[in-house]
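Handing you a structure now.
Each chain gets a letter, A, B, C and D, in the order it is written, and its residues are counted from 1.
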Amino acid sequence: MADKEVYYSDYLQLDKILDAQQLESTKAGVRADDEMLFIIIHQAYELWFKQILFEVDIVGNIFAQQGINDNSPDLQISVHRLKRVATILKVLIHQIDILETMTPLDFLDFRNLLRPASGFQSIQFKILEARLGLKYEQRHGQQYYVSQLRPEDVEKVKNAEGKKPLSDMVNTWLERMPFFDNKKFWEGYKSISKENKSPYIFWNDYRWQYDHSLLEAEKGNMAHFDTLFLNEKDYPANRQFSQKANRSALFIMLYRDYPMLQQPFQLLSTLLDIDESLNLWRYRHMNMVHRMIGTRIGTGGSSGKDYLTATISKHSVFKEIAELTSYLIDRHHLPKLSSELENVLGYSRT
Amino acid sequence: MADKEVYYSDYLQLDKILDAQQLESTKAGVRADDEMLFIIIHQAYELWFKQILFEVDIVGNIFAQQGINDNSPDLQISVHRLKRVATILKVLIHQIDILETMTPLDFLDFRNLLRPASGFQSIQFKILEARLGLKYEQRHGQQYYVSQLRPEDVEKVKNAEGKKPLSDMVNTWLERMPFFDNKKFWEGYKSISKENKSPYIFWNDYRWQYDHSLLEAEKGNMAHFDTLFLNEKDYPANRQFSQKANRSALFIMLYRDYPMLQQPFQLLSTLLDIDESLNLWRYRHMNMVHRMIGTRIGTGGSSGKDYLTATISKHSVFKEIAELTSYLIDRHHLPKLSSELENVLGYSRT
Amino acid sequence: MADKEVYYSDYLQLDKILDAQQLESTKAGVRADDEMLFIIIHQAYELWFKQILFEVDIVGNIFAQQGINDNSPDLQISVHRLKRVATILKVLIHQIDILETMTPLDFLDFRNLLRPASGFQSIQFKILEARLGLKYEQRHGQQYYVSQLRPEDVEKVKNAEGKKPLSDMVNTWLERMPFFDNKKFWEGYKSISKENKSPYIFWNDYRWQYDHSLLEAEKGNMAHFDTLFLNEKDYPANRQFSQKANRSALFIMLYRDYPMLQQPFQLLSTLLDIDESLNLWRYRHMNMVHRMIGTRIGTGGSSGKDYLTATISKHSVFKEIAELTSYLIDRHHLPKLSSELENVLGYSRT
Amino acid sequence: MADKEVYYSDYLQLDKILDAQQLESTKAGVRADDEMLFIIIHQAYELWFKQILFEVDIVGNIFAQQGINDNSPDLQISVHRLKRVATILKVLIHQIDILETMTPLDFLDFRNLLRPASGFQSIQFKILEARLGLKYEQRHGQQYYVSQLRPEDVEKVKNAEGKKPLSDMVNTWLERMPFFDNKKFWEGYKSISKENKSPYIFWNDYRWQYDHSLLEAEKGNMAHFDTLFLNEKDYPANRQFSQKANRSALFIMLYRDYPMLQQPFQLLSTLLDIDESLNLWRYRHMNMVHRMIGTRIGTGGSSGKDYLTATISKHSVFKEIAELTSYLIDRHHLPKLSSELENVLGYSRT
């Protein structure tokens, strides 16, 4: 093996890669010069989806361990790999610029020949959503599973949905965090007075001073805090993250300046970046589809635009984490931690 | 004047530009290192809004002429300047990456000090929307005009809303186009048979073959075509573009391969690009706000996120043009033009 | 065929595409998690190179016609397709961001296993350079042809080098342009006085007023103008473009405001964009290689960095066109064209 | 103060910002519509340079402390701020796209009116280079200081050059690192055998097996290692970083998987990113200038292109760090650290 010389085109299997573009328009004897672009850009997307899945799996394997060893590079490797996913997604979003050079009229040259194929059939993308944490019940357009996908592909997606996703593993990891699960702490947090500038801590609409009816809305905000962080029995069953995990996540966001919380904070931030980028990809993709085919029905038989619009809001796996930012307070009013805890959160080299 | 030597910092008036950052946190005696970024990025946005307005005004002046002279560079200059606007908007969207390096906690360091200032008060942005064609009645959140803007600023926006916007001028220009306003042509267009593959021309859901109830939906599509292009008395009064303009716009999209229609097609495309980029800017901005402040009330007293979300769909000035793509048919079935018309649409150098 | 339903993964041949990643590290029993990225990014590049070649070939076929028909969409299609190439190149440049998430240490995990494969062996890229107009004699590192490429690959590159490239066809097209080849015009152009602000027309270093020795340099500039545009017998034999073509190109740049010259101007501009983007790709690639392997020898046995640096300057196919900008003068001093010529350059619909 | 309401345009001082564009062409009575763009883009650049300087100063103040406290967020704040600088630079590079929408002919409309102003006179950029670590002796075109800058501006740059720059502070910080300065370690490192695949450790040109003359080059590589890391008296005096700092930097790169070395590794990486982005900015800027004015003399009297080209290679402050990657070896062959040291490099929570 040491002596075998590697050759670029063999290594990359370019014979396969560059011989996988067969135009339906050519088969039909129609000239449609943009079909090549259509094929190649989708193949490029699928290649990158494979890479993203590969990275997410590595992170999943790390988090599937009994406990992440804080003394190992586990967490930083996870952050690094998720940041790479975020970087890839930025390029995939940019890539839509290329598809937008195809005008609607150019698409019509071959669009009918593709029926009923559609991007909805991208199994890798569905598996990615499942791996991140999207559950079958949360999916928009579940009914299409059966009508649009081949049985073996339905099987693949179901399989991915059956495994413990990254969001669950992150939930476990957050729950496991030792020092932050102190309800008394959160009771105190809730009652911090911000120098009398507002009657309630998370509220910053100064108009309450003139309009006392706004105080009711403020009370609602506090009740929501109780639900998310304190009252166990009221906690809704269908949430992605547990109350315990919420407390850890908020603690990490608030005290991320401590060295020990840097990587955890980076991890949460990067997961939110990924959610945001996936949504941006769906959003730009949806716009492009809209511009390309107007309000027509997509090749897959659904309105492509509506499907994409719906998934933007519904398929954000980590949105519960994102929404915790509503309960941050400013650094200058943060409760001081005990010196014991401070020590644990630093690099205690004594 | 010829002899006066120009100096970089004088020319750019850097004494003003670089001395216009006064931190509220400094005044309040609080350390908030990210406020500088917050100020500078908004100043950069406003500088670019000035440039965009400058370009849109040049285009407006060209279109305000009695008739655009097709033998002059008027149209290509307009396209060039609007393409520049699209390029600027791409950078402005990218610029949000910078603001996203400010974490929610960092923003809280100085957020309360800014009340009730908010991006809603960007007069240049509102003027830009008005110049492009957004009418007062179409605005989301009209009520804020009075409560949030100073009287002189309300005045400025009203002024801009009072002038003939670009969309109206484009409408006039489309209506003026001499050769395309032929209803018989469109009657014929509507009845083109696509080799029996679908019962109606704009429909391409092959499922009608199995599910005859879908034929009703198809009829609706044809009726909509009549409304948009043929039946004068049914035409809704509140549309941005007239029926006559619709016909020209669709004709341009269909026959853009003729040299004479290249620049008109580029013009329409670029206007759609601008709409799309403005929406993408609003979308990314909205996400950023959401991530920064959660579901809290914005510094301007409204929920910043909701305002931005609402404007994404409502403030698209050229969406009626975008939706005409629903009525394109593929190039191979396009009615052949008379050789007389073909001659006019080419460079007739005979 | 009409009845055959197309399925996404069949259409894209994902069985081939997604089964073409075989890690050398896996074969060698070493763990190197970044090799997957290394393979996939190069496959993505090769897919896009295929697309770029496809577009360049379409343009080549258009320009290979006896004469481009100005009354047809030939030129605008060419511009459109070349602009797409420029858009693709921007994404390919951005894509380097992804590879930069691989650290030098991560690359070392599998780097030795790839010897002697190297990006130098990308045949498609070499063919692209040849199609655009790079000649064998102009190539940096010709000697590697034999030592690094398989005979059948050398053959492919030689083949591409043997065909008439795009640059030659553009040269022919420029030479063919009817109205601009008027030497008297250029004699006059050369002698335009710019209101006595400089002694020579292309010179704008005001320091000549103080430093008379600079006048010599100015004279050199004028002599160069003569060589490029006027004196036939001094014209160097080894240039990519002819003197006649130079005149047309400069004329197009100067009088591009006329409708008839818009598409020709766009064509030249886009070719320069492509050159610039290819160089930027080489530049960023070179930096990335430098950062990844320092001053070591590349896997291909040469110093990858030096090869890339050298090609940046040497492989710019259209640089002669780019350099003509030295001989532009400002619009306000341009010689007025005859009304006869003006008519020809407009849309003469009389 | 609490009661004062902040207003958007006051807060951003838009009266100053939006009133700082005075066109020389307007003064001269010439129409040059692109001069507005030219002014605004340069003002946007200067705003961002101010922000970059602000961030670099914060980092400088952190590093100027007697010793960075590893138990504090000092290092992560520094990394965060430098990463923001890198993000800003990406947007500044992208921003060149906007300037490229100005064609050479459009620039000629007002170019002569700006003489002799030039980007060379950007004092903030020169101060930034100095703050990062560029010394006067390393500057390209020192002679222009006196001829092109006003005395008060020369003073400002000299002042910045007189202060301890970031590179020196990073050098001190690297030297201070306690555990890595062990020459015996590096002696051992140098002699690691890579399973007989190459005679010398840093060499990976397999051709030595066929071509024994290459062994000489390999020896040179080893001698260079000695100079950079081991032989004190041979160490060149004019280098930016000391031998001691080199050892720390290489150690950080090699053992960055340990939690304690994560932030140091991120710091070094980000400094290299900044260097690379500054160079890319210079490179794209240079290309743009070249395309805009050809080989003419810049408005500042020098050839703008040559100045920019020269600074690309010469003004990289951290290139010595970048070049250390030549001496990395792959992870699988890394010397194992003592368990004592391993403990120190982890989060030792015992």
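Quick notes on this structure:
By our rule, contacts are C-beta pairs under 8 Å (C-beta built on N, C-alpha and C of every residue); 3 or more make two chains touch, one makes a residue touch a chain.
Computed from a prediction, not measured in an experiment: that's the story for all the values here.
Set against the Cα centre of subunit C, the chain with the most distant centre is A. Chain centres here are Cα averages; for subunit A and subunit D they lie 33 Å apart.
Per-chain CA centroids place subunit B at a distance of 39 Å from subunit D.
Separating the centre of subunit A from that of subunit B, both taken as means of CA atoms, is a distance of 29 Å. The set of subunit C residues that touch two or more partner chains comprises 115-116, 197. With chains as nodes and touching pairs as edges, the resulting graph is complete, every pair of chains being joined. The part of subunit B that touches subunit D in the complex is made up of residues 1, 5-9, 11-14, 16-22, 24, 27-28, 33, 36-37, 39-44, 46-48, 50-51, 54, 58, 80, 83-84, 87-88, 90-91, 94-95, 97-98, 101, 113-124, 150, 153. Touching subunit B in their complex are the following residues of subunit A: 30, 103-105, 108-109, 111-112, 115-116, 197, 202-207, 253-254, 256, 269, 272, 276, 279-280, 283-284, 287, 290-297, 301, 322-332.
Contact residues of subunit A toward subunit D in the complex are 2, 70-73, 76-77, 197, 257-260, 262-263, 344, 346-349.
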